[in-house]
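You will see two complexes here that share chain A, one where it goes with chain B and one where it goes with chain C.
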Partner chain A sequence: MSPFLRYLYGLLCTVLFLLSISQVIEAIHEDQVGLNDWSLQFIGRPLEVLVSATQTGSSKSLAFIYSEQNVLAAIDTKHGEIVWRHVLENGENGTINSGVVLEDEVCVLLNRGRLLRCFDTLTGSFKWEKLFGGQDTHLGKCIAVSDSKERKAPNRIICANDDRIISFASRSGNVQWESKCAKAQKRLLFQSLSGELIVGGLVENKISVKRLSVSTGEAKNAGVDRSAIVHPSTTDCRLVQPASQVPPYLICFDSSTSRLFSHSTSEVADKAQKDLRLEDLGGIAHTTGDGVFLNSFPTDGLFSVSTNGESLLLHLSADGQIKLIKKVTGFYAGCSETDVVIVELADQIASVRVAKYDGNSLTPQAEEALTFPFSTSHGSLESVTLLPSKDVANCIRPAFLFLTEGDVLGLFSQGKLAWKREEGLARLSVTAIVDLPISDIEALVEEEFEEKGSFPVRFTKRLVSQGLQLKKILELAGKRVMSGLRIGKYFHKEQLERDYFNTQKIIVSATESGKIFGLDSRNGDVVYSSLLKNFAKPKDRSIQFYIQRTGAHAPFPSQSVLVGADKRTGNGLLYFFDCITGEQLDQPVTLNRPILQSGLIPVMSSNHLEAIFVLDSDLNLSIYPENLDMPEITAFVKDSLHIFDVCSKTGVARGYRVKLVNKAWKAVEVWSATLTTAGEAVLTVSPKRPHDFVHSQGRVLADRRVLYKYINPNLVAVTVQGTDEGKKPYLKIVGLDGITGRVVFSQVHRRARGPCHVVHSEHWVMYTYWNEKVRSNEIGVIEMYRGFEKPNQTYFSSLESFEKPELSSVAFKLPGFISAISDTVTVEGITHKNLIVALASGSVTQIPKVLLDPRRPMFPTQAEREEGLIPYAPELPLVTENIINYYKKVYRIRGIKTAGAGLESISLVFTYGIDLFFTRVTPSALFDVLSDSFDYWILTVVMLVMTIASVIVRHMANTKALEQAWK
Partner chain B sequence: MPTAGATKYSAGKPKKTVSQPERPILTVAIRPEKLFQVSYKGAQNRDDLPRPVGYNPNIAFSSELQTKGTDTDLIVKRSWDIALAPIKQVPMNLFIMWMSGNAISLFPIMMVVMMFFKPVKAIFSAQSTFKTIEGKYAPLQKLVYLLGNVVALGIALYKCNSMGLLPTEPSDWLSFEKPLERVEFLAGGNM
Partner chain C sequence: MEPLAYLKTFLFHAVISQIFFAASKVGAQRQEERTLTIQHCFENEPKLRCKKVTDLQLTSLRINQTQIFSYLLTNAEKEQIQSAADKGELYFVRARLEGEQEDVYMQSFCKATDVVKSLFVLGITLHVDLFVRPYAVEIGPVAQGDPRLELLLEEPSDKPLLLMGLISVHGSQTGPSPDLEGYRKKLAKERAEKMAAETGDNRSFLAKYWMYIVPVVLFMLFSGQMGGGGAAA
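Right, the complex of A and B next:
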């Protein structure tokens, strides 16, 4: 190819490149899958682990788990991966009450005990389901039984809900028999060792027990009713048989009264009915509401009670006496008829022992206990489920699945920890995307140019700093070589540090139960996790999370604070930690009262720290960290700070100012307004982001006039739902100025109801609701403009501004059910905004803001067309190219967090729900960086060829000129 | 005819040779140089000889006079041509502008650039152009020349304006407008 052609080719490439960036490219190519995005799947907080007693026909050994989040999943016990997963219906309709596993199917009882649904164990494919009917049913219970004693594998499912007991054949789902029983608020169902079916029912102050035949459902006795002080919803029971010839006992624990009962199932008058306090038994402190786990053993008469990480091994004698055998910080599990597995926690180490029970005491089988590390971030041990081994008699090397308070699911097998899963990630409730610190070398470079001190000082500083830099570079090179020799990776990054465009961040999140996670934004790896002690969600409010200092301020550690409540008292609790390492920074602050509101004070102190204020229910305001005594902060709090609060119960909105009374900050009510009337309830309150960057102050029309935006940083959008006289719901959206309480706009949608999700940014508010009339989700948009007049001040004050903005509003239909919505955020706010919408179908899609423009005309004029307004269409198109998670579906998304990167064009998106998904979006394409497809290779070749050609041609031209001169 | 051809190429003698062909040729053969000798002596005032064909003794004089008169006229005319050239371009420019339309695309932009480029270049190289402008109207012509270029520039500007390339509206300065500073700061609103 001649250089000229090469040159042409290069030129063509450049032109093509320029053309390619002129339009938005949103879809990704096959080879870009997982390049900048990742997604993780979870199960949620497990309620029960089901293990098939006889697993046959599969090479994989599976454990089935159903969770609080209405998920049923099968986990490969070898690697801890999800083999299949079903995200069941949201809400009560999908809540799993009970689950059973049979030979080749796993069945769950859903929908308040009304529906039994079965899936194939290996593939997870749906097999059959049965609807029981019934209107006002309560929780039900299912067990798997075998109809004959010879048969080990269960082949029928017996389910009981509040008024009937039904037996189903496995595989076909045919009803074998059905039996009626007295109504109960809580149904208990067990199979005794002798093969009888024992049905228990709890009603307020009454326990009824009945024995039935498994094969026919006929009653073997008339049933006994006993009075007992019992609360059906908080009571859990197990069947314990003291000896093979003695009728079994029902052992129940009522967590609302912390009492343990035992009831004989025999019809003879029960003399040995026991009513014990847990404290009397073994000295475990139990406070109301703590979860209690009752566990029955294959060993005669043994059972255990676990709460708050402590377990009591108890024995029930044939005459109904309960005595304590041993107490342990950990858990007991029955392995065989004589052996008990004890998992004990001490000093972040779990030790596993197998002990033999001889009727009186436990004797450990082996001297040495098997141990595995058990981090404090796991919390206490909540339950242990033994996996059946092929040799049942062999309990020496037990394998078990354990579940902890910090939602860690793990497998201990072969004497070591095989795997663990952080299921707490499925329950995130607050999250932030935080800048990482710059690398050590860059930090040294920054220090080098600090302009402090006189010339010689600065000069020596510079020399020293450069020396240090050299040392650091050499150290790093040495480290790389060493690690390269060791693991074969020369460019392995150990430390989290910022990349060139600041796209790599750390995602800091917390759950409502006080578990903190730090995730690497490159791949979703858990960098750190920790479980806060006594941390809980405040009553009626959500937990709050503030970043006080990011990792960008090199010598200082990053700092963030989690605002919640003390589990025991409900008073405010502040927990300070470093969001890069997860280390606790200061002692947690416990307040004397519950927290009403909290927020960041946007005044940066000399060490780049932003303080937070906390307003307690007694309207006292305190500032943390307390030692930060700066006049700027004092002035800010006194002059500028206004606090806004809406009581979700009463619907009263209040605005406060802060005053100094007796050297203490006190909030003073400035205004209050009742937003609701009878039958109305506040759904959402959406203030703006504290720092909402809006680059353009207006919109240019086709005639080149400017329509100025009404940007009120103090505007708060409140949605209220109510029911009108005709029992039809309606939705009200009110825009309030949070400083003066002035209503800026108010709109009502008839026959509309929640769930409502609101995005409030720039000069617009978007809200989603369900339109009952057309039965579809709609997005309403309100834009506010101040008109064509240029604002004549350089500041915005709510106290001085009385203008009524011009509103334009419109609603669009969205084909899909919205579970979360957010807008993209960039560094300077120059880039267009896209709306990120998570749909219930599992897709996360982006909708350009241009489509959600209330100014979209029905029939555009020439001028409107010139302005780029798209003609109005009531339905928003869901373009498949705009689905940012392509085929990686994510379910039950509760929130979307967006953050800017170092590049203006990039916005980072993190969606969290049961699944996590992280990606980057470019709403206006990558306009500030060369695209990935840019051919550097061709460019280099063209440049080289051109240079060489010019040298050659020059030489040739010289020769020719010389020859010409000689002629 | 050979004779006629001879008279055409010889100055003096050939006439004899033509009129006396009977003379012995031998002498001619002996001294050929004498045969073609040209004498300039007698040529000083030979009125007897007929004038060469097409020779008009008045022409040199009169033509000299005439050239002198037309030369100054021509200079003035030529200078006017130079001076008026930019203005003459105006209708053409207007036509091109009308043809190229107001859309912001490559062709109209090139046109506008050309339109700007030409008069600006002309104004910058005015010194050398002015050297060729002479005559009594020179100052006026220079002024006209400059004015013409200014008009061309004006038209280019007008074109820019009608294309919306001139930052004359507030919308053009919108991106320089600073966001309004907030006086009060609202916090809270957490549910």
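Right, the complex of A and C next:
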């Protein structure tokens, strides 16, 4: 062998060896975990933050939080990560009324104030629970106390509900004493500085106060009843002690009347009883129903009232007089017996100051305040919880957890913002998956090939465009080098741009409280968030979200609109914004009346914008943007626009068409149906998607005949639940034509009830319900067919079609509790459909639509087998391989949003509830692209080997030919 | 009488009385004397002007049956319908249950031309729920060959001022439930077939496997003969 060949052989062997090693390394990784999916865990809107003053035995500093969504979680205060989390029972059984934290356990009062459940603070493992009596009350209260003054750490939990007070020993949960008391609609429980237990009770127009011994539960006085105009459900109280020798006062605030009350806890006649209006004290403009936070301080007589982002620091004197010390836009927190932490907000900056209180005024301890950025999307500050520290200088550089109006939970520590969590993401109510705009270079390429103008014009245009492209490429390269030098990543993608297969999108979501989020679909990062002022969910309706222009029409910005209600008046409110950047595009529009219905007008203007119509409660129709005066829109509204509305309260469905009356659009009722009667309620209203792609117009049967589908784009499925004379529930599903009000189908399931989830697409409706008779979840399927005759028209018109479809229906048992359900969507609708089902167990699974075919025969014939019909089985299998979130459980899923990608085979799935989960599914497998498992290495190696082999063979052939020539 | 017999008699009477009580309740509800008023309306901006056409007793409604009514149109009404048909306007039918609120009714529409084309014969469909309570009304043209036309007392014509109506009552279908019984039967049938296949073959071992045994025996015989022949040679 020649030296060259030997060298080549050695090189080849080395390459093959290296390649084989790299293959081994790749095989170590778990297959595709997190490659195209992500999930995020949240707690929900925090109700209270609990911190232990004496936390031991852990390297982590933990804060315990319970939320509106019935979640209890421990958060690592260093990084803001969830250490453990318990998603408690749904509904009232899991609603947390109160929580306490002790040395090594955290306990919550659940189940209408009747169940105390305790968990280990470090691991979150369940320790003990005690169920005690009491009537239905949501207003129970627990406190952690120590039975002796010497002992600092609390060692017993005292809980009170409407008619009893019980003391439990920590760790064991043994009942130490139990005391009955007069019934109250709201129970108050405090421990005074002298160690006594102060028990308060609120009933309509009466406050009762009693003092008890902590160790025995014996009453120390007979109890005092005082009359006061209070509403228990809207009143909150705190215990404030003006001085060490003076009996403490109960300070109560009734948010329904905006009044502040002070009541002495002593049994002597309360001459100092005060009843003040909040406005009189400091001029805080409080609107009824807004959240009001009362906060008591370790400093004698100090307390604060906060509402609408403003706080009043107030002082209660020994004679019961209340005076204002200071008003601030922010929050006050008591740090020590003399120091008060003031967090003040101004110009998107939060300033933290510590001030000393000398009995009359506050004196700042340092000239310069510590600051941290506080975005407007956070809203106002709602609460501040100081973290305990052994450091004496804790009050100079305080660490605190803060909660804002925009559901942001953050930690300020070491003089800076350590972390923040967007807990509003656990409350999403409406979402959309939006295409990203194409890159600048691609936009220029598209412009280059526009066939407009003469040849010289087009040629010049092309040259200019190519020049601009070159400029852009150089700019981009420059940017990448700069960003590479700055952050070390040369290919860091700063701008949100569409990828080649259009799989990367932006997820635009909004909460019912008016917070908008833009999430990057690659990793779930929050691209933007903004809190809309005075925006709320309309009464009896949900928020609506419309995309008026996607990002595909550069240079025009993408535009979308959020339709809701004004928090103050309940009238309609429209908010226009760019859904790629989150920027507000126009001034919000406030209507004069509540909104009845809204929708997109499918007529595109010259600047690629689709207008929306808004129908108010007085049946006036408006079109937005108002300046979009196009004859095509006018013609569409006049001739083609039909509106339907189902009032969930009355159960009346109405259909309207639009007329021009006195130069204004007015909706005129054309049909009406009363879907409910007494004892019935509308559960769901499910129209079809506006752009629902249909796979095919018919089904080819084994005998080569075509069974044509009944595809009515105006069909609306309404589910109604009621009870019969024997108090047995029943479920009714009605298919209505939204334009004519004709009943297309109507089915009744006896002894069935909700929750009901409906998927409506193509020619089928699927709905889930609970069958009380067999106590299982079932899924019903209705398919509609026109028959074997080919329809003459290529379109469907509700006004011209009087035919009733042939129904084919079936039901299956579903082994699992369903939280949400949806179907996959692809770009052209050619791919088969799968159902995406979120289960209460935390799994998200997909069920092929073919399993839900009503034509599945019990005993399939040869022809049916040829057609591909699967034999009928009454139960749908939930195959573990079909669980798309594998071990990443997601809980309390409220909705599933699906969208198509650039590839026909891919459907993007976004589930939202307390947790978020995003992934991509391929219902008919990845047929239009090489799969991820395709072995590129083998292909490369084969190519390489073939190339080398051809070089070697050529060399050998040349040598042989030369040798032969010499012979 | 034995105590057990007493108990049996008592239970029997209790069950019977409960059944009669429930039946009387259902009957009372079903025979509730409520009237359904059918009105027809003409497009009159922005509110509709409606006029009573006929009354129906809820007790008279029978699912999948058709009732007829006739109404003598005034000249003005007939002109209104004709005019609406010329203008391409709509014709409305409204059904209102006695005792309901003013804004609670069922309403449907069709093109006025359809009424004229069908010679003033209205095809009205009344959708009723489980308790035969109407929840939706539909109006549509009656095709020439519709068998319901035979119910009419007079031949349809556009000459007289007579509006005739065919009111059909449609009920809700009972929703499907998982066919557990059928599936159980299918499984039992399959099991029985399997058992039959296993137990049905009562042939002897030789009768069953002769096709394998014979070639082996033949092969052994021939191979033995060939070996013997060689040795003899």
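Brief remarks on what is shown
Throughout what follows, the second predicted complex is superposed on the first by the 901 of 967 C-alpha atoms of A that agree within 3 Å, B and C clash if a C-alpha of one lies under 4 Å from a C-alpha of the other, contacts with A are read in each partner's own complex, and residues count from 1 in each chain.
Here is the rule we go by: a residue touches a chain if its C-beta (ideal position, glycine included) is under 8 Å from a C-beta of that chain, and two chains touch if they have at least 3 such contacts.
Just so it is clear, the structure is predicted and the values come from calculations on it, not from any experiment.
Of the two partner chains, neither chain B nor chain C is touched by A:G570.
When both complexes are overlaid on chain A, the residue A:E725 reaches chain C alone and has no touch with chain B.
Within the superposed three-chain model, A:G698 lies in touch with chain B and out of touch with chain C [touch as defined at top]. When the two structures are aligned on the shared chain, A:I739 is found in touch with chain B, with no touch to chain C.
Of the two partner chains placed around the shared chain by superposition, chain B is the only one that A:T794 touches, whereas chain C remains out of contact. Contacts of A:G816 after superposition on the shared chain: neither chain B nor chain C is touched. Annotation: chain A residues 799 touch chain B in one complex and chain C in the other. Taken in their complex, chain C has these residues touching chain A: 22, 25-26, 29, 45-46, 48, 90, 92, 94, 100, 103-109, 111, 125, 127, 129-131, 133, 135-138, 140-141, 170-180, 182-183, 186. Those residues of chain A whose C-beta lies close enough to touch chain C in the complex are 619, 650, 652, 659, 661, 666, 668-675, 677, 724-726, 730-734, 736, 740-743, 745-750, 752, 771, 778, 780, 799, 802, 807, 809-813, 854, 858-859, 872-875.
Residues 164, 169-172, 174-175, 177-191 of chain B are the ones touching chain A in the complex. Partner chain B is touched in their complex by these residues of chain A: 541-542, 544, 597-602, 613, 615, 636, 640-646, 648, 656, 682, 684-687, 690, 694-698, 700-701, 704-706, 711, 713-714, 716, 738-739, 790-791, 793-800.
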